[in-house]
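So, here's a batch of structures to check.
Okay, so chain A shows up in both of these, paired with chain B first and chain C after.
And then the complex of A and B:
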């Protein structure tokens, strides 16, 4: 309980600092949202009117105060370029990105656990060597390039899906997932390779530990040693690594959404930055920060659950 | 030995090697022995003798890199290495079980104590859950652990070292095996705890007629515990026989050398004479080298989120002094504060009250582990030059000169100067540590367990070197050790520490013959003397 309070406290402080940094950072970046919106042909009067409308003429502190108070209520203002509330914009796109990210994470987990265990069990033998070679290739290919290859092979040649022809969830849930699986795979494959390698090494390290020798001396079979003793211990470092991977999945989805024309947060962010659409950018940065902090908190909680030694804090 | 006793285990022409690149580096060369039902067989030897490899090979527990090259291991007419995997798993834990040196790392850190013991019953019996639980509780009680009901829900890190080893023994004994292999099971434990663990092993041996193979580097333990012993050296058996024969009438030269290297009460004579001279000299001068008065020492503990610190008292009102040329021993069990005291004397402890007065030069320090306390990326020359550079005032040539002199003093050659730490043996490394400590002319040296990580023959050489250096440079030592045998051999006066307090200070002879405190008596009676 005390632990949860401490975490919540840190979360608040971190969010506060991030909100200040994002807010002021965008005030320093050159470029004016009013001119960016109206184009260079706009008359000074038009620009002035728009600045007045968005409240860009008020002092910095005043604007931060207003923004922060509204943000706490979940109101991030109105998008400069789309002319709709930021909340609505994000509300439409967040589920898409979340689904994409979660599908990618599911693929990563489902593929890396058995492959990592397989590599550890056959360490130094043919299966492990094949997996290691596949890993090297998987890690070396960047996500966006993999996305292009997938589009080409599965979209253009095999015609399993139509590249760029995004299917919305409300129109056709089945089609939505059938489309999403390809960008998710493009994100997941390099990360799976990393996680397999990490899990493989972690299990092999655990198998060399003294408690494994004890387990063997008790009469456990190799199978029992792996699942009853080594695996849980091997998971501990993997959890931290997994959190890093999930954050990278988030970052990669921004690029992959471009490649596959998925209307998610990533595409929104890219468009918002080039349009100097600050309210949108600020909201997305804050959202990413919250996800990262929550993930870290989750990792700590998981540690508490799996490793009894952490509980003596 | 009676003829009626049946042979339980037979090891024939055992040969074990490590694969190194394409060559096989043979570590156990040719070892044959047998264990009879119900006997305790000791295997004694120094590090690298192959004793642990021999023990591990019996249950097929050698690491991946090691390989059984040759030999048969026959347990009750069954050739273990010809068994199927399934048959071997049935023997492990059920007929032959094993306990190890480090109970902390040998137990699964994320599994409850109860489940770890219960696993044995799951593997080797078909009794139901309630029966299993009762058996686990019973064996824990038998292993001398109270509150077993509470204990089964705990994790290994929540127990003390002695309790963990008891849990290991309970686990190994729960199936009442015919043979227990114990690989240095008390080396990581304090001497009073060691005594209890040895008694426990003895009791199980008597009650259940469980034969024991006891591997140790400690001749005292072997003598007090075992019926028969094997002395191993460099992968061969040097000598085999009854305890009486090996300790009273050893045949092999190596056994004799090993026995004479063990510090003990009757061994003091070989040093006695030269010590008397020094003592006489120091007493007439009576110059102080170190004076500690009413010293309290603390560690800061991070208490809560808001950074309020709590002080934890580690040293409690400590007063003692060291005369010039004197060796003062500080003994006590782990956690008694002896290493903290060393830190305080060197001025490395931040939170202190009271006075520490060192007369003359800054005291120097020699640490326990010469493997980790010397920087592995530097050459010996650099390591020895550093203290001189820090002190300042020496030209490059003077430093070179001093390094060469000091190397000679500690028994090393000039060529060692350009080596890395990893290229030296344990004994040589500790010589380098000593040279580094003495090179700035410190007269007072704090030695924190300087020989604990070394084999007994190397230990004897280092102790001799320390005595020689004391004579040459008129040094004073604060000699910290958990090993009362070593302290007895080295020190003029001995301080006994217990829970941060100095409970007894006395001349060596006085302390060993006429201890005043109850705790000192307990400590002394726990030592396995030769």
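And then the complex of A and C:
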């Protein structure tokens, strides 16, 4: 319990530092957003009025304080290009990205556990070799290229879905998931390859250990040894790796949303970067940072819970 | 077991060599001018004069892929160069001296390392703006933390070795011990980190230019070609083949070469 509190403390400090960095990083950009927003033809009075409206005429520290307090309440100001509160923009898109990411992670978990066990069971034989070759190719394909192949095969040739024709959840929940499965697969396949490889190596390492020999000499069946002994012990290092996979899924969904025109956080971020819509960029960066930090904290806690000797602060 | 792994290593050498040869040729020679348009040859399917067909402006896809992979390779090399250079300096200092500076730098490093490199580069791009040199800078900075981690852990183990103590007794200064004695011994680990970093940089650059946040037209780039080809997936599916294949062959080749034992 004490460990959990200490962990929470360091997480808070890290988040505080990240909030400072995200805020000040966007202050060093030449020309403030008021001039960028009005164009070069604006009169000085107009610029001054807008600066007043956005609060740009206050000191940096004051503005950071205001921004941080508002951000804590979930208020990230108004988007420059959409002219609506950032909170509304994110509120509409966050569930879509979350659903996409969760579907992708489900596919990864469902596919890599059996494949990893299969590869370890037949280590050095044909099934393992085939899986290893598929893994190497899977890891080398950029997810967006895979997305295009999926669009071509399942969209254009087989006509199972219409590429680019996104179906909203509120219009048609069934259609939403049927559409989402394809971008999710494009994200999941390269990451599945990574996880299968990792799991395979991890199980094979466990199978070479002394306790496996003991278990075998006590008369346990190979099936029991593989599932009850080796697989369960092989899972511990997988937890950390899983956190990396979740982060990669998050990063790849930015690109995949573009490929399949899914209106999620990724498309919002890319559009905001192109339009130099800084309130939106700041908010998304902070959101992502929070997810990343919390996830890492959770992994450390989980580790500590499973193996109390581990104490990483 | 051993034979199979050797086989995959040579397959990797072959693929990586193929990619290097392809890009190397592209520096001196392309079959056509990569930016020359030809209205009569719009979206031509692959044929003898245009091996990979032409795009929507009638430009030869093979020539454009050669030019584009040249850009991608250059950016990836610069990225890895920046990452290695600062990674070695920061990793050497933190690993060798330790202490409070090490704690502070590594804490920040770990936070940065928690973010996927593509995400980190996008954040930097949003601050410094879009462009070829900006994406080199953004990717380069985003790749530093992973190199720092690798180099630091090598320095931490190496500095306890006897040869380092000997060198110190012989009167070698810290700088000399760090960069003349220890650094060459970290070569194999750093080389492997460079190969992995190069692959990740190729993928990240392709992803960024696919999003339109990397290299800008008229410069050809693999990611941008793929994003342009998407509009013609139905009418000209061959457009995407060549740029996609170059990325896959490169990444596959270098990762197979890097496979351990």
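Note that the second predicted complex is superposed on the first by the 285 of 313 C-alpha atoms of A that agree within 3 Å, B and C clash if a C-alpha of one lies under 4 Å from a C-alpha of the other, contacts with A are read in each partner's own complex, and residues count from 1 in each chain.
By our rule, contacts are C-beta pairs under 8 Å (C-beta built on N, C-alpha and C of every residue); 3 or more make two chains touch, one makes a residue touch a chain.
This is a predicted model, so every value here is computed, not measured.
Does chain B (first) or chain C (second) touch A:75, or do both, or does neither?
Touch status of A:75: no partner.
Have a look and say if chain B or chain C is in touch with more residues of chain A.
C
Now for A:221: first (chain B), second (chain C), both, or neither, which partner does it touch?
After superposing on A, A:221 lies in contact with chain B but is clear of chain C.
Between chain B and chain C, whom does A:18 touch in the aligned arrangement: first, second, both, or neither?
So A:18 only meets chain C here.
Between chain B (first) and chain C (second), which does A:285 come into contact with in this model arrangement: first, second, both, or neither?
second
Examine A:92 and indicate which partner it touches, taking first as chain B and second as chain C; both and neither are also allowed.
It touches nothing on chain B or chain C.
Could you say whether A:163 touches chain B, chain C, both of them, or neither, answering first, second, both or neither?
Second partner only.
With the two complexes superposed on chain A, say which partner A:273 touches: chain B (first), chain C (second), both, or neither.
second
Would you check which partner chain A:208 touches, where first means chain B only, second means chain C only, and both and neither mean what they say?
Once the two structures are laid over each other on A, A:208 reaches chain B alone.
Quick one: classify A:48 as touching chain B (first), chain C (second), both or neither.
Touch status of A:48: no partner.
For chain A, which residues count as touching chain C in their complex?
Chain A reaches chain C through residues 14, 17-18, 25-26, 28-29, 124, 129, 136-137, 139-142, 144-145, 148, 151-152, 156, 163, 247-248, 250-252, 254-255, 258-259, 269-270, 272-274, 276, 278, 281, 285, 288-289, 292-293, 296.
Considering the complex alone, what residue numbers of chain C touch chain A?
1, 4, 8, 111, 114-116, 118-119, 122-123, 125-127, 130, 203, 206-207, 210-213, 223, 226-227, 229-230, 233-234, 237, 240, 244, 247-248, 251-252, 255-256
Can you list the residues on chain B that touch chain A in the complex?
56, 59-61, 63-64, 85-86, 89-94, 97-98, 100, 102, 105-111, 119-120, 123-124, 155, 157-158, 168, 171, 305
In the complex, go through chain A and note every residue touching chain B.
Listed in rising order, the residues are 6, 9, 208-211, 213-222, 224, 228-229, 232-233, 306-309, 312.
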